[in-house]
Amino acid sequence: MSAPMASLVRPSAERARLLISCADRPGVVATVTRLLFEHGANVVDSDQHTEPDDLRFFMRLEFDLPGLPERLGALEAAFAPVAEQFGMQWRLIPAARVKRMALFVSKQDHCLQELLWLWKKGELIADIPLVVSNHPDAREVVAPFGIPLHHVPVTADSKAQAEAAVLELLRAHQVDLIVLARYMQILSGDFIASFGGPIINIHHSFLPAFVGANPYAQAHSRGVKLIGATAHYVTAELDAGPIIEQDVHRVGHRDAVADLVRIGRRVERTVLARAVSWHLEDRVLPHGNKTVVFS
Amino acid sequence: MSAPMASLVRPSAERARLLISCADRPGVVATVTRLLFEHGANVVDSDQHTEPDDLRFFMRLEFDLPGLPERLGALEAAFAPVAEQFGMQWRLIPAARVKRMALFVSKQDHCLQELLWLWKKGELIADIPLVVSNHPDAREVVAPFGIPLHHVPVTADSKAQAEAAVLELLRAHQVDLIVLARYMQILSGDFIASFGGPIINIHHSFLPAFVGANPYAQAHSRGVKLIGATAHYVTAELDAGPIIEQDVHRVGHRDAVADLVRIGRRVERTVLARAVSWHLEDRVLPHGNKTVVFS
Amino acid sequence: MSAPMASLVRPSAERARLLISCADRPGVVATVTRLLFEHGANVVDSDQHTEPDDLRFFMRLEFDLPGLPERLGALEAAFAPVAEQFGMQWRLIPAARVKRMALFVSKQDHCLQELLWLWKKGELIADIPLVVSNHPDAREVVAPFGIPLHHVPVTADSKAQAEAAVLELLRAHQVDLIVLARYMQILSGDFIASFGGPIINIHHSFLPAFVGANPYAQAHSRGVKLIGATAHYVTAELDAGPIIEQDVHRVGHRDAVADLVRIGRRVERTVLARAVSWHLEDRVLPHGNKTVVFS
Amino acid sequence: MSAPMASLVRPSAERARLLISCADRPGVVATVTRLLFEHGANVVDSDQHTEPDDLRFFMRLEFDLPGLPERLGALEAAFAPVAEQFGMQWRLIPAARVKRMALFVSKQDHCLQELLWLWKKGELIADIPLVVSNHPDAREVVAPFGIPLHHVPVTADSKAQAEAAVLELLRAHQVDLIVLARYMQILSGDFIASFGGPIINIHHSFLPAFVGANPYAQAHSRGVKLIGATAHYVTAELDAGPIIEQDVHRVGHRDAVADLVRIGRRVERTVLARAVSWHLEDRVLPHGNKTVVFS
């Protein structure tokens, strides 16, 4: 088995991201920015949002700190009491600690292709230790990128065993994130819970329209004038998880289902690539069944 | 009661439109264009479509014929046997016979405003003999256009009577087309059947997502990243009639329900105006629960 | 002369906006947010940007401060030494001090209509003390809004006098902002300098394509597949000032110049309305010949 | 050298396309459709347009004719006098005679990659006998598709020789169409004339804005809010040939030139793919410096 190719661009070792959510209270921003400043951090990007419904506050700060690898522990120790004071959920993430992403695919390989190509161009910063497929077809697409493809067939009878085998692979490769790049198997609630990390799916409709199977056939039958795609986090309920990104393309009476499929492929590629890129840069903060996206 | 203002632009008396649908058979186009040519018609626009699912053929021809008003009867008489030979549904419509359109509105007047503006600019070619509203609020918007507003309040108890009164108005004004420009009453199946003509509604979501009441609140709650609007013909089943036009606009986590309402107003105005303009120019051919739009 | 109608929604007396630009230095955000916090301000919106080319830092803060009208002076006095320390350009603007906006129009009234309608709906928060036109045509559009229209004809010979008369009107009405809503006269450099405040123009092309006269005819002649509109601040050089907003719409070979004009009207309305709304909310920070837009 | 892969989908041997342009005269459509009908052709798609400026008429018919390969000669012979009668320019093209397309590329390979993907998926129906590049870099991209890459370096001194060598290759491979998929050499007028066939270029701006070199840097410097791409036929005048397709994507103050380049890559890929696909299906009819696109 060939060694996985490293992604081509690595973020600076001195860059980090701080993600915060807490009840909105005066002084949060002042306190956090003061603390970063006193530790010598230079904020290069900052975004914040207060949700009007529940007054939940969200913040994302990106900063450079000389000597970050050695000083990260001290910074975390200093931040902990502040976080406790404000009741924050928080994460401090060195940008150089790139996420380990597994790509799942079935027969349709256009989304897989797009992600691999953007990854190779350095537009998606991640390690990709493996691709998982219930079909052998993707081998040809994956081969030039030097990433192993694990073919794990799934039948109604073998589903539990197959999921166990995949979980074992994910653990062995220390995977942080699963991307379902047109993986046409429904993951069990047990699998989702056991994996425990985020799973991004691309659904080939403008959710919540056309949940479930064959959305392009559903769209054609309803006679819609736009078709869409939706990238969302996977939850136990089918096609109902928090939406990260959506887009649409115009169609008309001349377009048969096969045309919707073809046009839709481009929308799917674009929408999934944007969602994955935002996730990898820690720009997506889930909030109940919705997302705050600091894009 | 002030006399309704005439629309500002009238199509030429020599222009007509021929709409055809029939089972697709070789020779349809050749036969029809030959017949028009032999009668001296000059085709200025032509569009056709064959639906792959059922091989139904649709055609729209726009042509100029000198002396059309006097020669229309002869043309129709000549066309009838051709139509019978091919089993056609067909309509031959002088462009100068502009449609008589009634606008229905409740409190939200942005769609009404947009249609009246465009009508006054000559972008919508129609007669508008009356506006019907279950609220008196629209009077101020309608007044400068010299069109009578009929205030017909509707309550649960008075609904049948109100619908009867409205039907009487429509008959008195010889209305061809109803446009529901944010009219927030559900029309009964009886009303739809009794009126008998086309009714265009603007629904403030990207159907089939968010059928029914408060679609912007539904959209906000689901956390979608695009909001939309749908113009469709009204059928007895709520929000399920043939779609004429749809469009969307991007929203994000910063947008509260009030922002979706505000952003959505622009989408609604645009989508409804396009649908009405296409209908008035006989560019929309219903086909089962879908539409062929020769835009 | 009728009294100008007040705009329908007034911002809270406790809300203010702080706009800052300075060379990027560590500690700016921490210092500013600390100072606001210590004065009891609650930041409700915040956005920032550092321009990579010249490391210029831009920030917009929106905050609520109980008793703002009485405490504004003290806050400004406290902020002045901070601003000096960091070499800031800054403005502290009570949201309730709404801008006084003059609308200029010639014969095409669609942009004027759109702005007046959004203003009446409360989507544009401004006072509109007058409309200026070199034609009398707009009177009918303006009348229902209770705003005086000043008809100032302009000929090659009378241009200097006409500009002097308009400047006198602007001074008398204490105008902060001019919006050229399809005003087809080129303002002289002297006029621009004498007025001294911001002037927003809508140009009916996707600048820098098709500078100057008749951009739709230019676009048709070049055979472009999209037409656009550009809202920009006016400078002495024609159509070359900082761009605030742009948008486009698809066109094709079926569209004659008249169709481009009609389609373009909708783009112009949308683009100008967005630009004016952002300016009124102090979301547009000029930076050389470009703009930072915190939309 | 490996043998070029055949494209994966071949059109039916019975399908053909008829392209016509002539001065608009009554009876053109009737005569043409009658003739096709009498020869047993079944029209499956038809589109027409009359240019209002010069009353030039354009028509594209797609039809099935059983036994087409044997009957093509007879059909052409029958059509010739009709064409002469109406003064038509015309082409009768069997769909199965797929075009032979050469792809030219320099270092940026995203457009090449996209075209090769779509070709392999059967979305672009063509033979691709060779790829030409002035750099060796594209070899890795091209290799998996089994298409030979010809590396023809170009310097100021060697340009004439290089163009001669490329022309020789094009002749040897019987190339019908050149696609410049980010080929960063300007082709000489002599080369364009000697090749004689259509050449499609992708320019990375919304032409006519930002003609020439470094359009993304020009766009960033002007502060535009949308960036675009333009696919056009190449003529001797740089970036001035007939436009086939354009599209844009929104950018903002946060986007540096490198971001415009990255965002623009997706627009370029989409726009070029659409233009090439329309050309391959004979949907683009040049008309002076403009195009009629029956998409």
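Letters A, B, C and D mark the chains as written, and numbering starts fresh at 1 in each.
The criterion applied here is as follows: a contact is a pair of C-beta atoms (placed from the backbone, for glycine too) under 8 Å apart; a residue touches a chain by one contact, two chains touch by 3 or more.
Which chain is which protein? Per UniProt: A, B, C, D = Formyltetrahydrofolate deformylase.
All of these numbers come straight from a predicted model, not from anything done at the bench.
Student: Touching subunit C and subunit D alike: which chains?
Tutor: A, B
Student: For the interfaces B-C and A-C, which has the higher count of C-beta pairs in contact?
Tutor: Higher C-beta contact count between the two pairs: A-C.
Student: Among the chains, which has its CA centre at the largest distance from subunit A's?
Tutor: Of all the other chains, the one whose centre lies farthest from subunit A is B.
Student: Averaging over Cα atoms per chain, report the distance between subunit A and subunit B in Å.
Tutor: About 43 Å, centre to centre.
Student: Measure off the straight-line distance from the CA centroid of subunit A to the CA centroid of subunit C, and report it in whole Å.
Tutor: 38
Student: Counting only Cα atoms for the centres, state how far subunit B is from subunit C in Å.
Tutor: That gives a centre separation of 37 Å.
Student: Any chance you could list the residues of subunit A touching two or more other chains?
Tutor: none
Student: Which subunit A residues qualify as touching subunit C in the complex?
Tutor: So the residues of subunit A touching subunit C come out as 26-27, 29-30, 33-34, 36-37, 40-44, 46-48, 50.
Student: Touching residues of subunit B toward subunit C in the complex: what are they?
Tutor: 110, 113, 117, 121, 123, 140, 144, 262, 266, 270
Student: Under the touch definition given earlier, write down the residues of subunit B that touch subunit A in their complex.
Tutor: 49, 51-53, 206-210, 222-226, 228, 242-248, 252-254, 256, 287, 289-293
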